[in-house]
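Both complexes shown next keep chain A, but they swap its partner, so chain B is in the first and chain C is in the second.
Up next, the complex of A and B:
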């Protein structure tokens, strides 16, 4: 099993006057350099906007990888059962990180939040939390509003 | 799509009692409002994201238990119940808040060098001391 590169996706995000949204996607080769991919995006967006009357309110560049083999997910997995880890973000706000199908071995079995709270002292979970709070490979994680993630505030299980 | 509402001139809030077994489901509902597509504008989403992640966190704060624990710590347990385990104590095993206030009053006035309390520190704090007796609280404590 290994991750292999797939084509990159350049996606434009559109909205009409009713608030309905749609997208345009084109693929570019996986080996395209990051700078070239961004140049493609910047050049392609006005060309697409010229032929659409909708409002192009955003664009994505997706760098994609996938496992080269597939296998069935183990019994008991459920992506609707998520871990939510809530971090303090700069300066005083909170930010949430969700992990689908949290392994039930990390859910606390006792205490006031038995069956709900996560065991943040468990080594695997502690390593995950530390990576987000302190950074990984020289990169600091941030929330969707670009605020750095700080210390963990709380962690528990959500059911969607 | 949602617009983040304007806050009223006088901010307020409501206390909602969520049965603990519903925390995962309620948290899951709040999570949906983290998504940009739910909100009309970028500004609405930014405010909404912050507000609903805060609510997700509050589901784990067990705030009522903490509040009760703090009030009980302030009141102090009656001497005859000190050996009762904390989890087994009931409300009547703690000192009355009126007794605590009376002691506080006596201590404040003793510190001022007076033998008899002539004012209620709590009344001063509540602002209900009659106008001709009203004093700055700093003066009262000095």
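Up next, the complex of A and C:
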């Protein structure tokens, strides 16, 4: 099992005068340099716009990786049982990260929040939290406005 | 009007459980992060997040998004009309893509077939089959797109903003 690069995708985002939206997707080779891929995106968008009366309001570059073989998840897994990790100190700008099918070994088994709160002292969970709060590979995770996530405020399990 | 980089790059991990339901974890990192560094971050995050879940990690995407700084009033258009381009690829597997709301001026007199002699169509098709900015588009299996097989207008359902109607 290994994660392998798939073709990258350039996705154009369209909107018409009714507010309806659509996309155009083209694949480019996985080995394309990122600079070349972004140049292609910038060059291709006006060519597509020239043949459409809709408005191309955005474009994405998707760098994709997938497992080269799949295997069944074990019984009892459920992606709707998820860990919710909420970061930040300011109640008006909290940010959440969700992990589907949280392993139940990370849910507290005793205490007032047993079965709900996550054991943030468990090494694997602590490492994940530290990577988000303090950075990983020289990159700090952030909220949608690009502000640092800050410290973990709370972590719990929820079933959707 | 110009495309500007979104404030964040999205790193999206995909999971599947034993009922074949799928879900994702999205982690955002600053938009100014170099793509190669973002990819390194994603790869480094894989073992950390895999250790927490008992579902199967299927893969991840690193998504760099660009958006118009200001969207103008959009003229009469209908994205449920599509120009469908069918393409031949080097591995003999055909591929397709669509461009919504094709201009009437790029269609032939039957108002259905795309006019390959139209200069804008020609430039668009050349970009797909001959490459653009040093990049040769490919089909999903990575084989070069080589020529246009057919191109026509078709009406297809699409999704409306915020209403989750997908097509």
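One rule holds for everything that comes next: the second predicted complex is superposed on the first by the 155 of 160 C-alpha atoms of A that agree within 3 Å, B and C clash if a C-alpha of one lies under 4 Å from a C-alpha of the other, contacts with A are read in each partner's own complex, and residues count from 1 in each chain.
Quick note on the criterion: contacts are C-beta pairs under 8 Å (C-beta built on N, C-alpha and C of every residue); 3 or more make two chains touch, one makes a residue touch a chain.
In this text the structure is predicted, and so the values were computed from the model without any measurement.
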Touched chain A residues, chain B compared with chain C: C
Contacts of A:110 with chain B and chain C, given as first, second, both or neither: neither
Partner chain in contact with A:82 - chain B first, chain C second, else both or neither: both
Chain B versus chain C as contact partner of A:144, first or second or both or neither: both
Chain B versus chain C as contact partner of A:154, first or second or both or neither: first
First, second, both or neither for A:98, with chain B first and chain C second: both
Chain B versus chain C as contact partner of A:19, first or second or both or neither: both
Intersection of the chain A residues that touch chain B with those that touch chain C: 19, 21, 80, 82, 98, 144-145
Contact set on chain A toward chain C in their complex: 3, 6-7, 14-22, 24-30, 32, 34, 36-45, 47-48, 50-55, 57-67, 70-80, 82-83, 97-104, 106, 124-125, 127-128, 131-132, 136-146
Contact set on chain C toward chain A in their complex: 3, 7-8, 15-19, 21-31, 33-46, 48-49, 51-68, 71-80, 82-83, 95, 97-103, 106, 118, 120-121, 123-124, 127-128, 132-142, 158-161
Sites on chain B touched by chain A in the complex: 1, 20, 23-25, 27-28, 31-32, 34, 36-37, 40, 46, 49-50, 53-54, 56-57, 59-62, 65
Residue numbers on chain A that touch chain B, as the complex places them: 19, 21, 80-82, 84, 86, 93-96, 98, 112-113, 116-117, 144-145, 153-154, 156-160
